[in-house]
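As structure tokens, here come the structures.
In the two assemblies presented below, subunit A is common to both, partnered first by subunit B and then by subunit C.
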Partner chain A sequence: MCQVEEDYNGLECKQEKIPVPTLSRKCMKCKEGTAVLIIRVSDAFCRSCFKEYFIHKFRAMLGKNRVIFPQEKVLLAVSGGAASCSMLAQVQEGLSRDAPKRLRFMPGIIYIDDGGACGRSSEERQRSVDQLKSIFTETGFPYFIVPLEQVFSLPTSVLVPGTSDPDPSNPSYKQAVDQYIKEKQNLTEEEAASAVAQLRIEESVCSPEHKLALERLFSSLNTLTAKEDMLHTLRQHLILHVARENGYSKVMMGDSCSRLAVKLLSNIALGRGAALASDTGFSDPRYGDVVIVRPMRDYSSKEIAAYSRMFHVPSVFISGLDTKTHDKASIQRLTESFVTNLQADFPSTVSTIYRTSEKLHTVMPSQGQTTEPASKCLLCLCALDTNVDKASAFHATLVSEQLSQIKLQDTSHDARHCAEGQGCGSGGCCSSNRSPEHQDLKTLLCYSCRLTVKDMGAVDALPPYIITEAEKRQKRSRMKMEISEFLLEDED
Partner chain B sequence: MPVQCSNCVQRRAVLKRPKTGHSLCKDCFFWAFEEEIHQTIVSAGLFNRGETVAIGASGGKDSTVLAHVMKVLNERYDYGLNLLLLSVDEGITGYRDDSLETVKRNQQQYELPLKIVSYEELYGWTMDAIVKQVGLKNNCTFCGHNADDVAETVLMNVLRGDIARLRRCTAISTASEGEGAIPRCKPLKYAYEKEIVLYAYFKKLDYFSTECIYSPNAYRGHARAFLKDLESIRPSSIIDVIHSGETLSVKDGVKMPVQGTCSRCGYISSQALCKSCVLLEGLNRGLPKLGIGKHHRLHGKILAQEPLTEQEEKLLKAVDF
Partner chain C sequence: MNDFIPSHPKIVVIMMIIMKRERKRRELASHYATQTPPPSHAGFIPACTWDMKQLLAWIRGNILKERPELFMQGDTVRPGILVLINDADWELMGELEYQLQDQDNVVFISTLHGG
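This part shows the complex of A and B:
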């Protein structure tokens, strides 16, 4: 368990020093071209072999997983960073007429402008949006530019997982492809061209009230850790909403393997162990009708940077919440610098952590059970992980909290009542018609989202759709409480 | 201005709990700390009435506090346990002989029977003699099992990609499927290291705090430093990491090494022979490096008592300093 120095020094010493690459070195793949970069340990690639390798990886990832059907509408989430812009470039490449095996889905682009949460001025935001617009227009794909302020006009339906609609006539992947190819032969070139021409470009503006509300929301979060977590949650909600509204059934995220390794480790630190597989895996089915896919997860951030530079993939630098902060500003930021530093000393760090994510899976409740939204976290929509054994870290924390303060709460009779009747379930038996307080909201959240809300000063700063849905769920659970003795329990 | 205890609202608080951030007075902290361990023991069903429970006593803070709390709880809740202190004398000069003194003092204070087993008695080798042969590598025998240690192990197993240990390391006690194997359990699993020290400090418990001189450690050190940083950002991180470790689940298809028992001594082991039997065999054969690193393919030969080839022996000979 506690082994000292796990590395095999003996082996490493014997390995000869990797010769410094010279310009005269040949590509290890085609043995002809002059090598321009080293991918892994000593694999030198020439320009064209690297391009081929990079493109192949993208197609291989989609081909291997077979989740995107022909003609399916796929929304590409682009942040402006190198990874998501490379993803956009790969989709463009794959859809281009001369690509031997064309990708067959219908892409759209979404950019969430989170400048309002990160304290960027409206001029700065406009500049970034203009730059991105020129990139997006170039692709010819429909695009959506949505300011984060839009969360204040989202409907509550965002928080309800959709059903994936198991259509009985739903063909298998192979059948769908065959059928598509048959139909395609009848379709003339012009028709195809006109289909692409029907562009939808949407750009929403935000009202000053929403701007203020967003500022209030983020200033009520006391820690950067909670801010980053909340930003991520809200961004997902917006993307999900736009995808649903416009009939997109898949969303592509540009997370690279370096990014995912950091995400995996920071999610462990945030208490998101239960949802680790869907947070970092290739596909994330938690929303039911819209599935998140991560086709860039095999690329390291170095590969992406090299490709973007060599083949001039345009990207835009946009400062985020943790830009220019110190290493210990937040858990996410700390994890990032920890992994990056460790990677410098132990080059297999990222790939080892990343491979761990492939071995995990999420316990997904079966389709029938997902109809009850109460079993999902109000904010992140993952399955609730707070319904665990008594002998667990979660209960140990509850016990600690009770033992350290319970008598203080004696004065407020509600809380005490709640503590005694442990089984009062979600919603809390004692909350009447008042706006949700920490305590009430907590019961609807997963372990990690509770931590985020705990770092929050005023819960009523949350966007209305969250508060309304929370009240609705609390009401329902109170109803369920009242009739609980007449309900027949499901055995499993 | 003096802060009031958030629990009794009468006495003055003397500490801020690292685990929850509440300010507590001495008595309320003792009560909370002991109660929490009681909850852990009861909810996990760690012990049965009438059982004999050996508390591994190293003289360090974890075992000193554990021995104290176990004795208190055994009396308060009438567990009906037969407690005894068990100490292993590895024969590390300047470390174990000093810490054993602490254990002996503890024994007198707590009035618990003490049994000291020496490495020499067990295996015929002392730790010093082993290190002389092997060099400074790979010989940490036992780590404390408080919340910090468990969280650290979760992080380390993620960093190493060790999925089997990742799943196992949060278990509160080792499942003993092997006949006769004694389960080990960790009642301090949810107790913060800092709170253990606070408890010992305010109870004026006597413990031995020198780091083991044989544990320099590379990779675990990174995990430890990372955890400490996490804790400084969000104090609940330690429990949060354990929660993650407890709730994550491993894909069905993933090949998982089967945990078996050592065919020589019957202790839990993932190989045909457990680590200590291999280490011993190596020492007895004059091939000290046999116990270091992975030499699984040699296990067959060891079991069959066959001699090794010359080339194999050459690799496993003592290190020349």
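This part shows the complex of A and C:
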């Protein structure tokens, strides 16, 4: 029986007195307990040291970054998966009275039920919602269970950073800040008055029209890559809306470091390079008044899975867009299998990528400083990366696209040929003439969101708040252009 | 995607190993914690002692009718699937060479997003 260890730890094999030879490796921390888990390359922890290490890491992460203030309202985004459920368990643990360094913020929970976009039946959705409800009720925290269909009743204000005013007519930064402070005061007053009223949204049901509209939106996206991107965007909008409506100034997301390593690489492939720092960093200030924090970013998915299993963290299995899909089904899936396979042979893969993410900074006007909505992407609310100089790859792509469109216009009178089956293929006159809205919407989007929208069959399938806000911004920029002619002469 | 919430344990297979010594046979009953794999299954293992490698081959042949590549790679589990034997990392126990014992509890947890 000793052979088993010999392969792994020849030295310890000498202790032949141990009757059951398995599990004879000692914990590297306390040197006493029997190791149960290998964390990094050769770090083996015993059960109690692993627990201590796991709990400590969460508080250390929050302590180091000092972004969450005492009594602040923090919304925990929980998907039912192991990582976000562990995050919830860590918050519970940190708030418990006997914890030495108690956390002092006020948590709430949000779950976005995206079953409508992932083709799950209403019975399936109800089942997972019921399971989650029992987990959430157990915590005693207020919670919101919001179906993704609710995006069809979102206000346009979701797309405006830094202020929850439904119609901000070009507020200056100072105005926005003043208003924010005023709003904050109002919110704290309201808070005291109606702590129970928060639970209202919890039971919100979605109408059949919204259900259909959501199905239409996702079926209008051709690739899984674009579907995943759109789902992520809409989910963020809903979370942001609920956070603002209920006075939460921080949102915690359960991204693990394994997850962030995949996100970092796939976002580069998706053309989101300019937004990497805020997409993967510890805190993400893009929305201005609501800051996203990622306290799980120091944990590997292995640690999370082992902890959840060993210490019975309840989680719910919910199938998503990519469940049981092929490894190459989307850029996100492909990157995940690439990173995981590399990690198996080179165990420092994830940590290397992850450490890179900590060093990233964007060389653009820092996010959140400009409140002018037109300078932000309509969908992801990151600073627009499309105002770059002529030597960039982006500009080159744009020029070649314009050139090919000029040609298309010349041949557009030949459209009959296409109709007769002379074939113009994708990218031909038929496909590009199909929807002029693509062009208009594009100017309001960052490079990556342009690609997602480009993948859409019909732009009008987008939820009304996006379309309305887009029209508003277009009108504003047209007006600005008209005025600018006069302004320029004036300046000279 | 995720992002918002990462790493669902998409495949969770829990196997209880029960040996019936008097019959020199090993009965293997398995329970499934999620709806992903097919419904529960019980099988009998021949008299010889099994190691993890044999157990995985048995799982592949008897449980994973659909898309075995989401679970296996070669004769072992694919990267990203955590294997716990009696709540301990199988990397500490010899992985494929581990000799299964009576009452062992083997759990496979996928840490992958699309698993």
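Note that the second predicted complex is superposed on the first by the 390 of 492 C-alpha atoms of A that agree within 3 Å, B and C clash if a C-alpha of one lies under 4 Å from a C-alpha of the other, contacts with A are read in each partner's own complex, and residues count from 1 in each chain.
Following the convention adopted for this analysis, contacts are C-beta pairs under 8 Å (C-beta built on N, C-alpha and C of every residue); 3 or more make two chains touch, one makes a residue touch a chain.
Note that the structure is predicted; figures quoted are calculated from it, not measured.
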Three-chain arrangement built on subunit A, subunit B and subunit C clash or fit: fit
Partner chain in contact with A:A44 - subunit B first, subunit C second, else both or neither: second
Partner chain(s) touched by A:I353 [first = subunit B, second = subunit C, both, neither]: first
First, second, both or neither for A:F394, with subunit B first and subunit C second: first
Touched partner set for A:T223, first subunit B, second subunit C, both or neither: first
Partner chain in contact with A:H361 - subunit B first, subunit C second, else both or neither: first
First, second, both or neither for A:P147, with subunit B first and subunit C second: neither
Subunit B versus subunit C as contact partner of A:I318, first or second or both or neither: second
A:G271 touches, of subunit B and subunit C: first, second, both or neither? first
Overlay on shared chain A, then closest C-alpha pair between subunit B and subunit C (Å): 17
Subunit C-contacting residues of subunit A that also contact subunit B: 1, 3-5, 7-8
Subunit A contact footprint on subunit C (complex, rising order): 1-10, 12, 33-36, 67, 70, 78-80, 82, 84-85, 87-89, 91-94, 97-99, 107, 109, 111-115
Residues on subunit B engaged by subunit A in the complex (per definition of touch): 6-9, 17, 19-20, 22, 24, 28, 31-32, 35-36, 39-40, 43-45, 136-140, 142-143, 153-155, 158-161, 163, 165-166, 172, 190, 214-220, 222, 226, 229-230, 232-234, 236-237, 239-252, 254, 293
Of subunit A, residues touching subunit C in the complex: 1, 3-5, 7-8, 22-23, 25, 35-38, 44, 47, 77-84, 112, 228, 231-232, 235-236, 239, 253-256, 258-259, 262-263, 301-302, 304-306, 308-310, 315, 317-325, 327, 329, 332-333, 336-337, 340-341, 343-344
Contact set on subunit A toward subunit B in their complex: 1-8, 223, 225, 264-265, 267-274, 276-277, 328, 330-331, 334-335, 338, 342, 349, 352-353, 355-356, 358-363, 385, 388-397, 399-401, 403-408, 447-448, 451
